[in-house]
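The structure appears right after this line, and notes come after that.
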């Protein structure tokens, strides 16, 4: 089915709202499960939106922006999964793979902003030095406006303007390619986890990574809460151990200090 | 005795800020990422959120305002949902005109560990759990899935208000506690975080071979008769570590995504997955 | 079916035996699994007694008297579950709920004894001071006699005398109420566990509580032995850690003592 | 060298008590709760159990008998099945006329940790396991269920005899070992005990919702599609902690039972459970 | 079926190859899974050899020679399982039990060598003292030759020469006896584990033994890798703890040394 | 700076041994058990493997050769697949003419812990896992089972070569690392080893009763209704500990095997298993 101009506009507005939220990480309506649902609503197929939301949410679970990284953008991915499924009449599962290029496009736009917004810093600094609160507050709106607008434009172009070529593309894609995109959607979280590990993994935490992996692989349960609890158990046990050790170490330090003190006294 | 009632009723007696104003601090904390840049990360948004309060404290002291603004424009990066505590704390100290060097030191001592704890809790535990449960409801087309998700995060949004009060009311008293424990706490948060990441790898990375090797009577299904017998989720784990190793070699993350896509498409083409 | 006078008397005698055992915690024939079985035997329906025993034993698992607390009494509960099921011809599962008021009655009688038996203490003390062993031994029989008799009377009245009103009551109870009693029987152990936690739970033991809960929830096994073994594993590991730490602490203390000793020597 | 054979053959050479008498001490320990009161708990029964032995030791010393009786009338509360060890130990010291202050100190040092260990082992581990297994056999009407239960506890009853001998034979030698370890042992017993209690909560508290919420196509079964997906046994755990919190607020336990009943009946009435 | 002289010879040669490998523990072709397969190949029934290999490998899992112990010999057991199954036309499962006596025979021959080869040591020592490398190298071949030959002879006699009596024996064995041998095959690994425990078990490692046992009993998985990973997790956690403790202990030692040093200085 | 490049390029610049020769050391290490005897275990084979290298080092020093040969004829027992590291290490020291007492001390400090680690890894972890997986493929008659097994062990055989290079290249530098950690490492290897042994007992010892006890309506299947309800694999665990206890009483292992056979046959005869 085709997307009307009005629908395209509504999608753009929704992209701006969700996109700003994605930038700020406030309400978490930028997560696929919400983005897809609302997009489905706009296109008049709520149920498909909800289903796509469930599938996409799972595919993006590992791709968090923790530590200031930028994963493929969930807003664009959510919108385009529903749009591609809707306009090409294909299963959301396959559409996820096809929406990924859009998600990556937005990811790179945001990465550019992450780098280039440092251009605002000197001005911020000047206002700070001048104690000019009003100007400071005003300037703080500019980056947000840029981000919001970008989301709107990219979403409009992707969802409305590109639907013709998109359909041609999808129709001409052989099965192995669409299946390949599906597979990619399933493997993609690995990238997010690898990036997390680069930030967080030290040798001393390797056992816990392994523990979580083994326990999750062995218990047939649908979410990671049991494993998180096991992690919490080990964390708490370690907490009290560390506390005890700290006390011991503090005592030793005291003794060392006394010793040196004693040594100095001897010298007098 | 005095000091006890002192802190308990601070909000009522000493504070120049109303309860409503402290609540608003929690709300304003939502904009810490407003002018995010890699150079200073949350600094401008962090300053912006606290600005009205400093304006009130330093109403008749432009120098003071300038100083506090400049101080807060230094690099800072922490977990967004925990900023209300940090800001509440700093505000109560600023109000008590604690020495600016002390405040800075405290800020620097806290934001790092708080990032670790917050990420472990919010990104790696709450999100995949709430997301996973809602998604499993949504997958059958049930709209209660997204609604549940939304309600949980609305609640988390709301928690910023009591957290701001908490930080503000505890004030300097809280500092020793947090500072003493910050090293241990970030250690402990890493344990929790990495356990959960291990579980997420097992749950969310999907790689299954579909080929069989051998010929004649000696055919085995590689995935089910070999890999799954060695250990379930062996491929996902190995692949994550391959990517990890590439990252360690300073390969750009963009390449990892490309490699992933290429691999998936080649595997599809060969009929191996 | 009705309970004859002889059966009522036999039940009373059995209640006295089991009740004394309950007071002393010697043979554990006061547990529902035994109490119900014997009561069933007395009423001529052994099989029902055994079944009721199995069900009631599980419902009372958490309600231990550890730490000197008093849970609803297992002897009365066991007897009355079988009696109620027998006289009203209902399933033991439902009868458990209806027997609970009797169990609680006995619980409160025992609680009163726990408090009021301190009245005997001055006399005990006097005999002790006088070194009067004979009198001491004699006096020690009195509380036991009181307890034993109380069990007999309460059981006789509950099982034999109250069966008429009981039947009327049960017949007039709507389904939601009997079902409610059933539910209560299933939830009741929570009270026992909460009381245990009040005595035993310190922050530093919270991880182990969680561990036991998570492991038991995740492994599909019919008893808690595997979890108890896991608990034993952690306990033993901790044991050796604590030993090591103790040694370290002892050494530090020695050093501190030496230091102070040294300090004093310096002073000389 | 001497001291070794000394203690090994104590029973034969020095002891004024026959083997049978020590066995009887184990049997007599069953009456520690005979005159239980909250004020001094096991004191009278504890004294009663040891009385005949003191009569023998202090045959010609009424002062001594009076002293030892008075000493033992102090508050004591420990795990009943472990009393034989404690009594055996104290008896051997009494017989050797160890200083009464030492004996008292030892008694006080030991009974607490022994209560913790004993409860963890007897109430929280053995009873639910033996009870659970026997009950699962009994539930189908098989009389071997109660018989198994009875035999296990008959065996535990019997263990009081060797435990009394153990305590008596080890005598003073055992004290250092136990005293040194008592703090660690009660720490370790708490770990075991709480792990088991966690498991018991999951196994024995039964709460399951039967309602469905939502309307039209968006109906979910609260228990199976939400709670069980979050974590099995979530309600039991939450309810136990609600009760725990009430107890911490010094609510009388009787109220907890009433609350439980009220909740169950209301839930039944509403058809929610 | 009967074994021909050629087949007997081939088996003897294979026994020598696998036997030498068993002595040296180099290629691990002495494990039942390989030995049975090749023996099956020699007898012209590869498939049966492979199946017997799988079964025998599992039965011998626990019987490792770690620590210089000698378990029943896998080469003889592997060969004879296939031979007995082949010549008597019985299931490999039953044949395992019947091959055990041969495996034990070889075990004792090797044990005798383990003891008696110390007779070579004085000669080795002499060559070492003389720096006579050539002679030393030559002498080192002798024990290997003895072992290799022994394997050949024992295997030839067992597989070829003894097949007649063997068949008579098997045919005359009642069911309970063959079933008993089967059972013994299943229980046998216990011996190996008990021997391991004698070498490795200290009180402080008991919790880990228990942990492995409980986890393996509770998770329905076909190999021990998950448990090995859990073991590795605990081992790594302990590693870092021990490291920390070591540091503490080192500091304390330093302090002690300083203290004593200080004391001596005082004395001067 | 110098010393760094020094060790990095050792193989090229200083070493009197070619890469091929070091590889051959790895291969030669396969013969450590060639003249095994309980008196000195691996000593002759250990000496034999290194002999050609000493001949080269002490070409013009017969005394040296005699000394080093004699030194190495002392008792030694370690894990065969780890010998290449040890030998590589010792060779590099011998080549640098490190004091012979130091070398001896090092050798003695290392071989024990290495035995523990090696056994935990090779005998108790790799073998049962690879064996178990291959066997489960082979049990259905699939020849890929033994092939897989063979390939894995061929790979492990090959690792002796890089391990020899590793030991030789690290040289003395590695010693401090290994020596410092040897106590901890053997501790840690025991943890791993015993965990796996516990798992192996549960997986590989097969004992199941087939009898039912009781009469009339009160019949229970001992294995399924009692033992399996208490704990799965209870019999295997108990039996292993029975044998363990016998061994502790210095019963000869041969008796254990006889006892096992006798038990199995009696059980079969009675129809209890």
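All chains are identified by letter, namely A, B, C, D, E and F, in their written order; residue positions are counted from 1 within each chain.
Definition applied: contacts are C-beta pairs under 8 Å (C-beta built on N, C-alpha and C of every residue); 3 or more make two chains touch, one makes a residue touch a chain.
Treat the numbers as computed from the prediction; the structure is a model and nothing was measured.
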Chains touching both subunit C and subunit E, listed by label: A, F
Listed chain pair C-D, A-D or C-F that repeats interface A-B [over half of contact pairs the same by residue number]: C-D
Pair sharing more residue contacts (C-beta pairs) when C-F is set against C-D: C-D
Same-residue or different-residue interface between subunit D and subunit F, half as cut-off: different
Distance between the centres, which are taken as Cα means, of subunit E and subunit D, whole angstrom: 47
Geometric centre distance via CA averages, subunit F-subunit E, whole Å: 11
Inter-centroid spacing, subunit F versus subunit B (mean Cα positions, whole Å): 46
Residue list for subunit E, restricted to those that touch at least two other chains: 47, 206, 208, 210-211, 214, 217-218, 222-223, 225-226, 229-230, 232, 234-236, 241, 248, 252, 255, 259, 262, 266
Junction residues of subunit F - those touching two or more other chains: 129, 133, 136-137, 141-143, 217, 229-231
Complete list of chain pairs which touch one another: A-B, A-C, A-D, A-E, B-D, B-E, B-F, C-D, C-E, C-F, D-F, E-F
Contact set on subunit B toward subunit D in their complex: 129, 133, 136-137, 141-144, 148
Contact set on subunit E toward subunit C in their complex: 204, 206-208, 210-211, 214, 217-218, 234, 241, 245, 248-249, 252, 255-256, 259, 262-263, 266
Of all residues in subunit A, those that touch subunit C in their complex: 219, 221, 226, 229-230, 232-237, 240-241, 244, 248, 251-252, 255, 258-259, 262, 265-266
Subunit E contact footprint on subunit B (complex, rising order): 217, 229-231
Subunit F contact footprint on subunit C (complex, rising order): 47, 222-223, 225-226, 229
